[in-house]
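In the two complexes below, chain A is the common chain; its partner is chain B in one and chain C in the other.
Coming up: the complex of A and B.
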């Protein structure tokens, strides 16, 4: 356990050195937040009150929480593992005495822990100033929200990790990567809350793990759901966590048997 | 090696145009060589276009009009913006990852070659797969123009013709500026995304749905609404919001010229400023 803790800490420190990148990311997420908030608010004004269960203030809060959590939750992913397979460095990773998935997972949690404040706070401040935020007054949603965020970070990590692991079988994962990004961005509720979708698309989204990756922690944090409902949503997250974990472990197991590292 | 396909006089002066043709055709042949990979990439790009549309549709299907536009009218904006962005991305998308090029020392390789750096960048990653996005955008635009019930006249036809080209030039200029900016702020790639990808996002949506200050900024500072929304107002005979009056519909081309000029100057300053990575 100690090794993973150290990995998470060093990953935290590594990301804390890229300060300009954090500032740039916070700026861009705030600009996108302004655009998204104005589009959703305009539609709600035309509809006369609420769309998909979101009033104007709730939709604005949804946008700003989403923009704030975007980077910490890891919705952009990274191709580190795939490039290590390409370069052959994966051989070093596999010969280490730590579990491959767990070591990358720990590093991703370290990254998320750093990203929360510098990338999360600025969009929330901009949101509070421009549209205002409707945040709950009781501690419950924040506590459960924290659990939900950790679960969502893990889900996003495992999703991208599975795509990276495909590089054990194929030479170029770019096509799969792109496909995953496009579908995940839409179905996670990042662009528009999933309850705004037409019925057929909403049903489809709910049958996938994607809403658990963004919409769930955002809705819980905003206090849109009561205690029981929130607990059920976190339960769904953990269910998907178990499913993805099994898939990833199978991929590591069978993939590392297939893997051929050239040279030496 | 003599190739029967070379018809050019070997003693003729090699102009940039000849080189451009050579470079681009070599790139295209290499990309088409892996047919399966190429086709899946094109499919991915089409899917990207589809989700961008679904994103718009997910908002519009809840309301009768969005930013004062019907679904067919928003599709005109979406189609024009998609075509313009796909063209700009095809030509200049590579400058978006300029910090990578600088950091890895690739820029020095480009600088020592007797060719303009910009020309090499534009051809170094001429991604034919991005044509998938262009095809989807063009299809959406044609459908939209048929659905939107437009009273055509010569002026509108002229505007509809120059708009995708002016829009493409605007996105090229934005990508160029994004690339130039990364010479000063090496870690600032995401900063530039606010204007390039943020610009694409704004361009494909009805401008009237934006907050007033955002309208002004993305019309008169970063001319994103001039790419598709403002010309659409003229073509569809609609009145614009306070920040984007209908007369701005004809500003796309002049804005493209001015912005391209400014960004080229910025690019030259950036190349001059470059002092090497010690490679």
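Coming up: the complex of A and C.
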């Protein structure tokens, strides 16, 4: 366990060395937040004050929480593992006395922990100043929200890791990556809340882990769901966590047997 | 009990090659073809061969990152692929062209992580780290991020990382590649001392003859996927009939090779620089360098000289050339 803790810590430190990148990222998240918020707000005004149970203020809160969580949750993922397979550096990862998935997971949690403040806070501050935020007043949603965020970070990690692991079988994962990004962006509730979907798409989305990757923590943090409902949603997150973990471990197990380490 | 046991080990790769404009054909390439060898604890073995001979493929199978097509491998009593993590605690691996350090962290930050990975307590890895840092002179660049280290500095860091957990076996794949003479020598001295003091088994691949001469009592030559030679280095030189080359610069030009009365076993090779530079090859089993030099100096005044050892590629080529004929 200590190895994974050290890995998480080191990853936190690694990311903290790239402060300029963090500032640039926070700026971008805030600007895109302004664009998304103004689009949603004008849609809500046209619709006559509310869409799918979201008032103007609630919709703005949904946008700003999404923009704030974007980086910590790792919604854009990274292709580190796939590029290490390509370069053959995967040999180094595999000759370490740690579990491959767990070591990458620990490092992603360290990254997320670093991203919370520099990437998460600026969009929230901009949101509070520009549109105002509708946040709950009791501590419950924040506590459960924290658990939900950790689960969502892990789910996003495992989703992208599975796509990366395809590089054990195919040389180029870009196609799979693009497909995954499109599907995930839509079904996670990043573009619009999943409850705005037509019934059939909403049912489909709920049969996938994607809403658990963003919509769930955003809804819990915004206080849209009551205690029991929030707990059930976190339960669903953990269920998906178990499912993805099994898939990923199977992929590592069978993939590393047929992996050809590139290079001399 | 041997520390490495390899029995009839083979690995083939499927390579797609184009056959016509759109069709592709599957072709099997045999990188390693039924090799056998064992290494006893405490041995220092050089694993040599030309590029593409199957060295790295063997190393990958020994460390468990590549599944053999057939045959059996046992390293430190483990079956490398299924027991890869347990094996990793017993062996140290240095891939000369890859890094096991954390690229964007100061060098010293990699060792606590490695210590934890090997389940060593702070009281256990810290003194060992100090000892390694001391012997390898890591002190002045411990707080430099790995990405800013020179190749020589990084390699010292890599070797220290591979040895942190006092492995029984250290596998080094091209550890001296790209290093300057001084860095190479430092690394060799260190590895040699490590083996003498702790009985660490060394297996290294290299293209540098001096690595082998300085470190290894035993050489395995792999060529085209099979073991071509297994024995002491001196034996290899004998089998391959390697020649040394003496290059002399004369004080005054000599334009004809016939002026030198060279002893049997020495052959005049070339004249360069308008008769100033001459090279003479000789058989080290029959002649000493001093005899050759004496023969040359009796005909002309020698201003400067250098001796060239046979390189590994050359030896392997010789060995294979003679075996195939």
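Heads up, the rule we're going with is that the second predicted complex is superposed on the first by the 261 of 264 C-alpha atoms of A that agree within 3 Å, B and C clash if a C-alpha of one lies under 4 Å from a C-alpha of the other, contacts with A are read in each partner's own complex, and residues count from 1 in each chain.
Just so we're on the same page, a residue touches a chain if its C-beta (ideal position, glycine included) is under 8 Å from a C-beta of that chain, and two chains touch if they have at least 3 such contacts.
Keep in mind the model is a prediction, meaning the values are calculated, not measured.
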item: Partner chain in contact with A:191 - chain B first, chain C second, else both or neither; value: first
item: Contacts of A:5 with chain B and chain C, given as first, second, both or neither; value: second
item: Which of chain B and chain C A:49 touches, first, second, both or neither; value: neither
item: Partner chain(s) touched by A:228 [first = chain B, second = chain C, both, neither]; value: neither
item: Partner, of chain C and chain B, that touches more residues belonging to chain A; value: B
item: First (chain B), second (chain C), both or neither touched by A:199; value: neither
item: Which of chain B and chain C A:139 touches, first, second, both or neither; value: neither
item: Partner chain in contact with A:172 - chain B first, chain C second, else both or neither; value: first
item: Which of chain B and chain C A:89 touches, first, second, both or neither; value: second
item: For the chain A and chain B complex, residues of the former touching the latter; value: 18, 20-21, 23-25, 27-28, 31-32, 34-35, 37-40, 42-43, 46-47, 51-52, 130, 172, 174-175, 178-179, 182-183, 185-186, 191-192, 196-198, 201
item: Touching residues (chain side chain C, partner chain A) in the complex; value: 13, 51, 55-56, 60, 63-67, 81, 84-86, 88-89, 93, 95, 97-100, 102, 104-105, 109, 112-113, 116-119, 145, 173-174
item: Of chain A, residues touching chain C in the complex; value: 2-3, 5-7, 10, 13-14, 17, 88-92, 94-99, 256-261, 263-264
item: Residue numbers on chain B that touch chain A, as the complex places them; value: 37, 40-41, 43-45, 47-48, 51, 54-55, 57-67, 185-191, 193-194, 198, 201-202, 205, 208-211, 214
